[in-house]
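These notes open a run of structures that come right after.
Next come two complexes, and both contain chain A; in the first it sits with chain B, in the second with chain C.
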Partner chain A sequence: MTKDDGEMVEEQKKKPCRFWIWALSSVLFRLILISYAGNLNLSSRPEVSTPLTSIRRLAEGYWLKQASMSPYAGSMYHGSPLLLSLLGPLTVQRLVAETSSNDLKLCFNLVEFKKEDTLDVSGSKGNQVTSFADILSAILLRGIGKKLQMAYGLNARLLGLLKSPRDKGILPCGDIAALVYLWNPFTIVCCVGLSTSPIENLAVILALNGAVTRRVPLAAFGLVMATHLSLYPAILTIPVIFLLGYGLDAPPLKLFLQTRNVESGNRSSTSSASKQAKSKPTAQLPFLWKTVVHFVFWALVWSLCVMVLCRLSLSKHGGLEEMFKRTYGFILSIEDLSPNIGVFWYFFAEVFDFFRNFFLIVFHVNILFMLLPLAIRLKHRPCFLAFIYLAISSLLKSYPSVGDSALYLSLWALFVNELADMKFSFFLFCGYLGVSLLSPVMHNLWIWRGTGNANFYFGNAIGYACFQIVFVVESVSAMLNHDRALKKCNPNHQKVKN
Partner chain B sequence: MATENRDKEEEEVKTDDGSPKIKPRPIVQLGIFLISHSPVFSVVFSAAGVMALLLLPLLAKNTYISENALMPGSARSMLSHRDVSDGSKLVNDIKSFRLNHEGQGVEVQRLIGNYMLEMGAEVSYQKFQPEGNHFHPLHFFSGPASYTNLGNVSCAAYGVNVAGIIRAPRGDGKESIVLVTPYDFLNGGDYEALSLGIASSLFSLLARVTWLSKDIIWLVADSRYGDYRPVAAWLTEYHTPSFEVSDLSKCDELNPSDSFRRAGTVAAALVVKVDGRSERFEDTLSIYAEASNGQMPNLDLINVVNYLAVHRQGFYVKVEKVVSLLSSSWLKTVGEIFEAVGKVARSLNPDWKFGIPAADYLEGSATLASSLYSQALGIPTGPHGAFRDYQVDAITLKVSPRFPPDSKGRQHEFCLRGAQLLEGTIRSVNNLLEKFHQSFFLYLLTSPGKFISVGVYMIAFALLVAPLPMVAASLYIDGCTTQNPAENLKSWKWLDAAKQVFALHLLGFIVTLLPYLICQVPGEQSPTNRSIIWATTSSSLLLITFVTVPGCSPFSSRLHGTNWAVLKSVTISAAFIGLCLMSIINFATAEIGALLLVPMCLMVRPIRPDLRSRRVKSLVRALCSMVLVTIGFPVMFFAISKGLIGEGLVGLGLGGEFWTWLESLWAWKSATYLYIGMVHLPCWLLCLCILFHPS
Partner chain C sequence: MARTVLTWWIPLLILQSFLLAIAFGSNEVEEEFSESLLLKPLPDRKVQKFRVKEMELSFTQGRWNHEHWGGFDSLSSMNAKPVGVELWAVFDVPHSQVDTSWKNLTHALSGLFCASINFLESSTSYAAPTWGFGRSADKLRYGSLPREAVCTENLTPWLKLLPCRDKDGISALMNRPSVYRGFYHSQRLHLSMVDSGEEGLGSGMLLEQSLTVVLQPDTVYDGKDLQPSWSLSSLFGRKVVGKCVLAKSSNVYLQMEGLAHQALWKNEEFELSTQPDRILRENSSFLYIFNIDKSSDSEPFDLGLTWKLPSKWSCQQAPLHASRFLMGSGNERGAIAILLKATESQDKLSGRDLTNGGRCTIRANVFQIFPWYVKVYYHTLQIFVDQQQNTSGEVLKKINVSPSTDKMSSGMMEMMLELPCEVKSAAISIEYDKGFLHIDEYPPDANQGFDIPSALISFPDHHASLDFKEELSTLPLLSKFKDKSLVRSYTEVLLVPLTTPDFSMPYNVITITCTVFALYFGSLLNALRRRIGEEERFLKSKGKKTGGLKQLLSRFTAKIRGRPAESPSSESTAAAQSSVLSSKLLFKIILVAGVAATWQYFSTDK
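Coming up: the complex of A and B.
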């Protein structure tokens, strides 16, 4: 036993060490790729940069702002004005180099060497920001994972599935999720391609982390920022409120009640769900209204701050109304039909104008329709609910990029313990791999070689959407199966006890 | 897919004992049926795939002109004898000039330029440098070369192109048609000069006509450093102007003041070459169409040229074919069988007309083989390849006259016909309102007048690779069920195997990039030496991978090593993805690769249990997989195909030859090189791992 313990301690010492080695090597890998960023030309790929996340558009917006024009003039930039002040200065050199090489085309030879230098400098600065955002997201994810892992172990012990006091056999889901996020090719491509999606992802993860660790102002801040940057995270309000109100992910309440009837042992717990389950015999979970009101208050405060800041920065250019029209309006009305990995652009390029509004409503309501049923079915697992929401929104977004996939894939890794028996894992892996390799080839065939057409690329987008749907469906069914399996395990356990 | 099917299967087994059955959906049933009988189906599908490939010449359709605007041959030729005489005069002038003057100068170019000026064209000269073999791993798919080598310009070696532009009287100057005649100004032969004669006859006509709506550019490409390079250099300058003052301009007395001249976007390009004497009774016209990475020009362009050449000018039109196949007896037998089947079918129902004579079949398959080969190689078959990088449809027309070069009368008639053919083609392209888009881009030729479209030839490939997912699924089910079922994470069994597959693919990627580093090694190395360096570094890297990545090595005697069935399943999936990707990038490479890779991946099993069992069946199986794996090694396949052609090579010479071949592939940015390094080689290594798996 002591030997075992010693080993465990050693292992635990080793593990963080190994985690940091892998995390650092991922940063190193990014730095290596960044030095080739000019050659890879990732920032112009439709998979990486959408009209909302493209750094080129941001540079354009910044230039307009510097020229004391509205950053939204010319329909190029559609992001937040705050992001402009944050990232804008990093793009300025790039802008200079590009205007001199693209527009003037004079003194090409002289500029070339200089251009490369400036590109490197500005590129690496921007990349520093995105890499930093990635690392921060990974650390926050790890924090979420640690909490979830603890809750999982605790619940398993409460249900009597896990005997030993140590969490043997429970995978360190935080480390796994963080490494999945850092080493996901999608994340790396977004980071090197200088899109703003790492920052949006950071905001989302910040919100979840705040909710999991019960830091209400942080959660509110993350949620407000994420919503401000890309609108869709607004639907995360539901899981965040659940997290704050009901506590962390736990098996359904009924199970605890059953177990409690048989067992009479008392153990301390931190997970509010299990605590409540034990303190009250009723099948009703208490909802912590106070925390939620606290959260709503903070959310209002933060939104007010954001509004005021935006108002200040746009005071001469139409104010907030202009901002909402050019950012949220742009997202909702799908004005830009340039190809991306989503399914909207093709449809709205084809649809007749007088049907356009109707289909806009249909497409957007699609997301909203799914919110309520999922919230009811998965209310005992708010983190998982957040993951499902993010996956669905990345599927039905108007301008999706691979950065969104990177986010939900790493959130998925938080539930490795529960989803161990997920079906189709290999099939899905091959599918994601195949589709993401096929996408640039199809794009090349259509745009550069001219031997293909838009259907080639759109077919690829449909394939990607199908794999995402299968992924979501299988994740949910695996989670529900996991809950059912717990139910099945319980009576057996009771018999043994008796 | 696999796991679901397994579950469904289990359900079926459970419900066999009389309880009410839940019938799975028909498509799931079909899937289960296919997967559970995967050995039979894989044999059937692979055989069908090979069969479909052999059937392709039978399925070829006659070409037809799809774009109505082209209207080939509808206008009467306006070419007069005077134009042809002008052309002949230019040829004679060049010949006499070359006799009297020797050396490097640009006098001949000037001569041609002056002729163009007299005809009323705008003339510009362009200097370019021959380019070395620069392998850069990141420039593979990055379009036309925008990186120009500005350093170390030497005046010792450069070429000068001459380009003349006729402005179209009815055009707006936004479109143009390019006519290219490669000519070696240093040691071009008499036949080559004839191509200048043809072009200049045509040019003098086009300078006068009123119907032109697209500008005509006549480019006389200086082919002393090969045909391709001058055209590519001219196109680069045409499309991506560089504003630096090149050092080259100081090299010569040629006045650089007449700057580079441009017309509009290029609608189509024709490269005309005259070479050698025709072996046939008629004048022969060979059409070359393959550009880099198996890209083809629009079929309509070939159709127009073929139609005019056959029906108006009476040329004998041919496309390249593999001559050695014409005499192969087995192919002849196959052709005779198909002919007999076709006859039987026709006797049953006269409407079934799919049989073709055995001789036609033989011709068709020889042409098809050549078409497949040159597409698979990914190296353009002529200067027209440079145009394809800019999405311009272009073909090379190689004309071989039937007369010896010194017969004057024949020469005149030949020039007339050649120029009339070009005139007709240009007139058709001139009619075009849009880009070529009506007809096919993806096709294989079996004769100048017959083609196989993508919808037909993809069937052969699809049948060939269809067994891969089936076998992968069935192996995956096997691999997962044979383990103890109580184990946790059993649906993630494949992760270990995936790690191994990933490690070997990464190795393949590094091996693919190694030549870039080896080329940086100082000193003039022979290809043999370089290939030795490459082989040693690659194999040492392989050893390092085996040592460092646990579970990778086939020689480790660990009991907990990955299950070979799962490993094979993941390998097959990787091969499937790789082949499907390649079939979109370059179909021909994928087809040939699939012929090698699919049987190897399907057959390979651990050899030890087979040898231990000492039964005839398993011994034969072991032998088969050994043979397939041996052939599957790229170097071995290269040696065998060389041997078939008749250049048997063994030992170090082979290495050098192989290196030279690969060097040519990457110099032309052929995706085949990437395929060999990043799909074929890793899959071959994985098959080797499975073959020697300790199970």
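Coming up: the complex of A and C.
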């Protein structure tokens, strides 16, 4: 035991060190990429910037606001007014810095103009925004790191319960998840491309982090902010409430009950009734109503704060009603048909007007429809539930970007222990890789070269949707299989003991 | 080469003024006449119904060449119009009703002129300029259709408004082939309400019709440096035979600019075939006035001009020459640039009257409408003066932007630039994203691209007018020209290609997307639901131990012949499961398709 402890301590010392090296190198990698960002032209890629997350649209909204117009005038900006006052000044500084540093010269020559054009569209990346992205990544990292410890403790408890010999085989899922987030090309692309999705992801992770570490105000704040920023995280209320009410991810309750019963049966048969009476309350995991009420209270407080702040920033033009219409309304009634990696843009560009509302309802209800079955089935694993919800919402989002995928992929890495024997993982990896490589090619063929047509890009989007579906379904069934495997393990134990 | 080109312009310009004369001559007639005749289908009821205060409608084909045909005279500032249809109107109704009045007006005009002016009805195609249009009225609406093809079916209703149509008087010259053969023709209809000032009469209305044509004389080039001589009959193929009986006055004007030293109609430079009735002297030009009252069938009026000496022609330019172009490639985004280049005439103008606080400046207003599918990023507006980017607000004095809303309204940009007089060139560039439209929103020829209407550049400090010494109340056209008019020029129409979806795909897209979602729904629900079945099977196998499983196995092996019977049971169960899954999936898909079909059936039944 002492030896094990020593090893553990050593590992724990070594691991963070190595982890921080990797994290820092990822930041460095970003900085290197940012210096070349002008040539990468990422901020206008359809995969990175959707109408909701585009930094150019944000800059436009900020400009309109500065010109004492409503930022929602026109249909450029559809984000939060708070984000506008947070990020808006950066975009302006960015432009000013750019114009002063670059001694631009106008030549009345189309070619020259074109060069300058691309230079300005993409090349203007201020240090402010990148540093902001770095801080953001660091916060995300820490949030996931905390989760790592919780998951670690959970696993230890679980294994202590099961007395499994694979004690040392537990992977540090927090580190892995954080590194998966930091080194995921999708995240890097979103960071370098200056989309606002890292901030949305931050809010989501804040909510989960708060719920996991039982910091109720933080959880409420994260959830409210995430919902405010992109609406879809509203469905995370269910897993967050489960997390607060029932505690962290654990194998199904029956297992505990069984093991408890077995243990109690082993120890003494005489006072079994009293033992059971003692163990029952601990085994039943009571729902912590107080915490949940606390959470609801905080959520109300935070949403009130957000409302008041939005109200203040929009007091001169339109007010909250316009904000809801232009943000949530825009998300729900898929108005912008510019291509993205989802499938809705093409669907609604092609669908007959008569059916438009019907399909809008069907597709949005599709997200809500799955909430209840998943919640019932995965009640004991609220974090995993949150991951599945996020994956589903990024699959059925009206304007998905790779930033959403980055978030759920890194959350997926939190469950490496449980999902170790997931099927099709290599196939899925290849699929994601293939889609993310083909998407720019198809986009280029269609939009820039004009040699392909919209079906090329749409086919790619369909492929991406299919891979995501397989991913979601496979991870759900892998998790259920894992629980089943635990259950199968358990009777054996019982038999051995008996 | 340049010379031969230049030689053409003189007769052309003359013709423009000449035709204007027609328009105004006949216009005057209308005021004199009984309502029933003169305002036949158009004005009376319509004007009262829609409460139009002032309105101008123009149909134009071809682009006014500001460099060669002049950019600083009354003619160009009043009659040079953007390609296609341009309509603006000021209403006399409460603010809330302006848009409905506009819609009704466009429909009425569309029916009247056999044009698709009704497309201006939708809020995505018109705008409400505040000051950039040069006419500050808060109930002003402006719209233009650059794509509109202008032809005889538009000219005929226009001619119908004249008292004598094209049967008599100067308008008899309106021979369709000769008119439409020209470089440029623009028919304009200007309607305004005027208060007579007298009590009993109330207010009347003034209808001005003008047709501007730029023609090239048909004469064969004889090898000499002489400019081609022309006559009305050679240009139009017709002669004027008497004036319209209903007309009060009917005059033909010939303006010769800059070249004549003496106001003689026969001099060493050129010779006119008819003696002018009156010769007016303007600052730099002479105006020959011909009255066609005297002409008759036996003695038709046919003005001709014969050059004797080669002469070089130059025209007065607007202070800055404006042109507009697109930048960038691909169908995702681009930029629009407006380029203002100094012209030669600027030097002499700048010193004259433009000193502003010790600094000589040229003010220029830019008015531009963007359709909603050109999503302009106003924050990317850049102004370059003499190839240096200007970041301070020195140049951009005033800007008014109303951004476009998707499928709701078009965007509008009004800018006031104050450029130093010594400026060589100034450029404005603004970036945009191209929109993606629903398949129904594309026109039949979707791959041709979409037109961005002309931008209007006006110079509020510069006014063009003909400066006559004489009192000209009897000559309405000239008194009109004597009024100061704003110097303005319209830029080119831009053609923006937009990406198109596959127009043949709607059914495929709908079915494929729905299949993907059915796949998602079915397989996820199946994965969630799987526990119960497995537990049951587990219990069963526990109870019967071998019987059920063996039976299943044997049935399975019987199903797939040729395969070795020793396939592992787990695999077989998985396969069986997957077959169950796929059959269920198939069932679900069929169910969804059935629901869709019944939906479709019932919806179409209605």
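Operating definition for what follows: the second predicted complex is superposed on the first by the 393 of 498 C-alpha atoms of A that agree within 3 Å, B and C clash if a C-alpha of one lies under 4 Å from a C-alpha of the other, contacts with A are read in each partner's own complex, and residues count from 1 in each chain.
In the analysis below, contacts are C-beta pairs under 8 Å (C-beta built on N, C-alpha and C of every residue); 3 or more make two chains touch, one makes a residue touch a chain.
Keep in mind that what you see is a predicted model, and the values were worked out from it rather than measured.
Participant: What's your read, chain B or chain C touching more residues of chain A?
Facilitator: Result: the larger residue contact count on chain A belongs to C.
Participant: Is A:L433 in contact with chain B, with chain C, with both, or with neither (first, second, both, neither)?
Facilitator: first
Participant: Once the shared chain is lined up, is A:S425 touching chain B (first), chain C (second), both, or neither of them?
Facilitator: A:S425: touches chain B, not chain C.
Participant: Is A:I367 touching anything from chain B or chain C once the two structures are fitted on A? First, second, both or neither.
Facilitator: neither
Participant: With the two complexes superposed on chain A, say which partner A:L480 touches: chain B (first), chain C (second), both, or neither.
Facilitator: A:L480 contacts chain C only, not chain B.
Participant: Which partner does A:F354 reach: the first (chain B), the second (chain C), both, or neither?
Facilitator: second
Participant: Give one of first, second, both or neither to describe whether A:I469 is in contact with chain B, with chain C, with both, or with none.
Facilitator: After superposing on A, A:I469 lies in contact with chain C but is clear of chain B.
Participant: Touching A:N41, do we find chain B (first), chain C (second), both, or neither?
Facilitator: So A:N41 only meets chain B here.
Participant: Once chain A of both complexes is superposed, is A:G450 in touch with chain B (first), chain C (second), both, or neither?
Facilitator: both
Participant: After overlaying the two complexes on chain A, where does the chain B footprint on chain A coincide with the chain C footprint?
Facilitator: The overlap between the chain B and chain C interfaces on chain A comprises residues 105-108, 448, 450.
Participant: Given the complex with chain B, which residues does chain A contribute to the contact?
Facilitator: Residues in contact with chain B: 36, 39-41, 105-109, 169, 420-427, 429-430, 433-434, 437-438, 441-442, 444-445, 448-451.
Participant: Along chain B, where are the residues that touch chain A in the complex?
Facilitator: It comes out as residues 1-4, 7, 138-139, 141-143, 150, 241-244, 295, 391, 435, 441-442, 476, 488-492, 494, 498, 569-570, 573, 577, 580-581, 584-585.
Participant: Tell me, which parts of chain A touch chain C in their complex?
Facilitator: Those residues of chain A that touch chain C are 44, 56, 59-60, 62-64, 67, 69, 73-76, 91, 95-96, 99-100, 104-108, 110, 113-114, 117-118, 120-121, 335-339, 343, 345-354, 358, 363, 366, 369-370, 373-374, 377, 395-396, 446-448, 450, 453-455, 458, 462, 465-466, 469, 472-473, 476-477, 480, 484.
Participant: Quick check: in the complex, which residue numbers of chain C touch chain A?
Facilitator: Within the complex, chain C contacts chain A at residues 325, 327-335, 337, 339, 372, 375, 377-380, 382, 384, 387-389, 391, 399, 401-408, 411, 425, 427, 429, 431, 433, 435-440, 499-502, 505-506, 509-510, 512-513, 516-517, 519-521, 523-525, 527-531, 534, 599, 603.
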